[in-house]
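After this come two complexes, each holding chain A, first together with chain B and then together with chain C.
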Partner chain A sequence: MIDRKMQSVLSLKSKKAGAVATITLRQQLAYKTDFIMRSTFLLLILFVFVQLWSSAYEGDRTRIIDGYTLKQIIWYLVFTEAITMGVPSLCSLIENEVKNGDIAIRLIRPISYVGYHYAAYLAEAVFRFFIHLAVGSIIAWTFVGPPSFGWGWAGLFSLTLGAISIAFLLNMVVALCAFWVEETRGMEFVLHKLQFTVGGMLLPLDLMPEWLQRICSWLPFQAMLYFPARTAVNYGSASLLQQAAIQAGWIAVLAVCTVMMYRKGVAKLHVNGG
Partner chain B sequence: MSTADNESRQAQTALGTLRFLLTCWKVNLASAMEYRLSFFLLAGMMFINNFMWLFFWSLFFHRFPVVNGWSLSDVMMLWAVGAGGFGWANMMFGNFHRIAPIVSGGQLDVYLSQPKPVLLHVLASRMSVTAAGDFLFGLAVYAWVGEHTLSGGLRFAAGLLISGLIFMGVMIIAGSFAFFFGNSEGIASQVFNSFVALSTYPADIFRSVAKVLLFTLVPAGFISYLPIGLLRDYNSGFVWQAAGMTVFLLAAGSLLFRAGLKRYTSGNAIAMRG
Partner chain C sequence: MSTVALQTHGLSKSFAVKRKAAGLSGSLRSLWHPQWEEKVAVKRIDLKVDRGERVAFLGPNGAGKSTTIKMLTGILHPTSGEAEVLGLTPWRERTKLAFRIGAVFGQKSQLWYHLPPIDTFDLISRIYELKRSEYLARRADLIDRFELGPYLDIPVRKLSLGERMRCEIAVSFLHRPQLLFLDEPTIGLDVVVKQRIRELVLEANRVEGTTVFLTSHDAGDMEELCSRAVVIHHGGILLDAPVDRLKREVLSRKIISLTLSSSFEAGTLPDLPGTELMESEGRRLKLAVDLKQTGIESVVSALIGKFRLDDMTVEDPPMEEIITHIYGSGG
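And then the complex of A and B:
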């Protein structure tokens, strides 16, 4: 009896999340021009990276540096960029909701506030990830050849969901600071830059100094970008299960932080008017 | 009217415009200081944000000490000149990259109704609070790795001037397209992001057509080559070209803006300047 009740509650919750995801996807499809514009920026950035790394490798495609050929590095960057540019900006959204009082409308809806944003974030991020992956592939394929990574693709897709969830939770923790401080944009900047550097977005962690690699292994950022991209281009260099377990661990820790911050923040929230 | 009267009137107008500019900057600063904590927080975060990029470059050059003749200190000076130039321009003329939304949103009326040069008034009527962080970052990096001689200081100051003016010229041109193509905010913002991205990578990593484009159609090369052509190995040919390009971009931007003003139709929006 209790099991059936639980099942129906879960089914109802997943239906609500599904509806939010569908609406988000429709919104994304409504702004095609904006989407194309952003994708062209990815083309430019990847072109710059191709130039930079070709110079670093002195144009030698057979040279292997810390386990990476030029081709692997470029495809690695395509994957990290696809994830980074795939995830939407959460801080400005939540900050605006808190500032202008729109949060009041979200709170009275029969769906968890964090859950609502997670469903919308996931739908948008997955959709944009695939589009950016396709766009980025054009550059990489043109300059360094096709992606012949075999099982690496399975590794990439299986770790990307966890990566997006970690990105959501990290951004949510920063975004929820809007309950206490007026501006969260600065903190978001720093968070993004941590992802860029110690997350391995611009440089695989294997190319970093040993001491930094040790520090990075204790941070959540590597599970967001480095794990999926490294697994894609160097499948088998680390256990897929171990990486998935680390991702799950960080999701659990960050989820607890998010829930605690949300509960504390929403309790002190005052929305006037309407 | 005699030539002397004419000259005296011109001098008075110039003096009046200068006084007007000083008042604009004073009011902008007072307005930013109204939210002092937010100001220091945002400026500080931008400072840290830029340092994170230097951190990435230090990791990159740790693995590849010299790339096409560029070392870490050259890239640091590239960031000093780029961020510093962008910083002062954005502090004193903070609307230079917001012309497109102002025009397409019909917000020019408020500037047209006042007896001051419209473009100058638009540019100087906003101060970016994060830009202070960029400017201070530029100075800090110069203090760290720059050449501390009179000649070195003057060349660095010239670099800041050229870089800031080129950013302004490019964005005035891109923003003025809004007069001719309507809602071109997306294009302007894309030009802005692309230009900033291109000007923060060493000019010498680009080859053949890309390098030609970097010094012609997308003149970001005149910023990204400053650490070599102006600061490290002074090349008078390059410096004159950079100065010429700066003048050309500003002149082209002003003419395009003036031509665009003739096509501008009011949005009938009631706007107030805060």
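And then the complex of A and C:
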């Protein structure tokens, strides 16, 4: 009886989340110019990376540096860039909602505020991830050849979902500070730079000094970019299950932080504009 | 079922506002020694609204109208006091209450900007857990009543403000709210659209028994839509009275703005009791008419007979003037 009631509640919640995701996707299709700009920028930065890493490898495609060939490094960057550029800017969104009072429109609905943003974030991030993956693949395929990663693809897609969820929660924790402080952009800037460096966006963590690798292993950022990209290009170098478990652990910890911050913040909320 | 739609006791809300002196030095000082000031937005409001009532919650900008609505809808938590809306405490049972109330914020859109309104209707039907058949029937009814057919498939960004507001209000009716909060629903709209929106809200109240709680600083909204007016100023209740009484005692003045075809010459105004020249500049002049002394028709006829007119509008006095008048007459 309780199970059936629980199932019905979950079904209703997933239908709501599905509806939010669908409308977010439809709205995304209106931003064609934004997509073209981002994709052109992605092509440009990946081209620069190809040139840089080709110099580092001295054009030798058989050379291996810390377990990575040139082809693996370039495809690794395609995957990390696709995730990084795929995730929307949650901090600006929440900050604007609080500043211009649009949060009122969200809070009068019978839907969780965080849940609403998660559904929208996931839809937008997954959609953009695939677009950027396709665009990035053009560069990588042209310069270093096709991605023959076998099971690595399964690893990439399964860990990307967890990676996007961690990105959402980390950004949400920072974004919710907008309930207390006027500006969150500074904190968002620091968060993004941590993702770029200790998250493994610019280079795999295996290429970093060992002491830094040890620090990174205790941080959530590696589970966002390094895990899915490393697994894609080097499947089997680490247990997929173990990485998924670490992601689940961080999701649990960050979800608790998010819920606590939201509960505290919403009670203090001051909606601007009346 | 209780006959009370909402009730508040000593409902108050204060905010801490940061004070900053002008200039760079002021900004730097504020970094090291931030100065906070308590701003009272709503001050001990006691209010009771029965089901099916149409209440206008009036006041000038910054009076605390929107803050009160946001507390009653559960968006804001009060600093002190209590409130019960449809038997629920809004800020503690926000989600539960959301199923039973509707809200329209005139300056905030709930429609998805790049998509046609029909997409927002679909989303809202899911969020409010409406059965598909029930939703489709309700949507068809609202499209018919609000005459939305021609706009449903046009992206919201391409709609006029009036078309958009009709969609906004129709969306808020989708889940059959028992209590509808309208926060400045006619702001920025022209006279014809304002009138249509008032008619639609009145119809919902008549047909479905929806309780209407409206904030506005347009006296016309109160006159045509509501049976009771609560006026607040500086966060506290200044007056709670039937609209009919207010009309007799306070809204007996109309403002006539004229644009003449040639310059206005002093002393040429027809001598009508209760009519007073408020201001004049070139071809434009503004008159105040006390309807207790002279009917509006007589004034308009006299003006048309005396001057050649390019334009003329008849308006209610601004809310600030009404408040001043209420203050002057001791509430």
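In the analysis below, the second predicted complex is superposed on the first by the 271 of 274 C-alpha atoms of A that agree within 3 Å, B and C clash if a C-alpha of one lies under 4 Å from a C-alpha of the other, contacts with A are read in each partner's own complex, and residues count from 1 in each chain.
Following the convention adopted for this analysis, contacts are C-beta pairs under 8 Å (C-beta built on N, C-alpha and C of every residue); 3 or more make two chains touch, one makes a residue touch a chain.
Here the structure is a predicted model, which means the values were calculated and not measured.
Of the two partner chains placed by superposition, A:Arg214 touches none, neither chain B nor chain C. Contact with neither chain B nor chain C is seen for A:Lys264 once the two complexes are overlaid on the shared chain. When the two complexes are overlaid on their common chain A, residue A:Lys99 makes contact with neither chain B nor chain C. Residue contacts after overlaying the shared chain place A:Glu183 against chain B, while chain C stays out of touching range.
Within the superposed three-chain model, A:Arg61 lies out of touch with both chain B and chain C [touch as defined at top]. When the two complexes are superposed on chain A, none of the residues of chain A touches both chain B and chain C. For chain B in complex with chain A, the residues that touch the partner chain are 35, 38, 41-42, 44-46, 48-49, 52-53, 55-56, 59-60, 62-64, 67-68, 130, 186-187, 189-190, 193-194, 197-198, 201-202, 204-207, 210.
Across the complex, chain C meets chain A through its residues 15, 65-67, 70, 73-77, 91, 94-96, 98-99, 101, 103, 105, 107-110, 112-115, 119-120, 122-123, 126-129, 155, 183. The residues of chain A lying in touch with chain B in their complex are 33-34, 37, 40-41, 44-45, 47-48, 51-52, 54-56, 65-66, 181-183, 185-187, 189-190, 193-194, 196-197, 202-203, 207-209, 212. On the chain A side of its complex with chain C, the touching residues are 12, 15-16, 18-20, 22-23, 26-27, 30-31, 101-105, 107-112, 266-271, 273-274.
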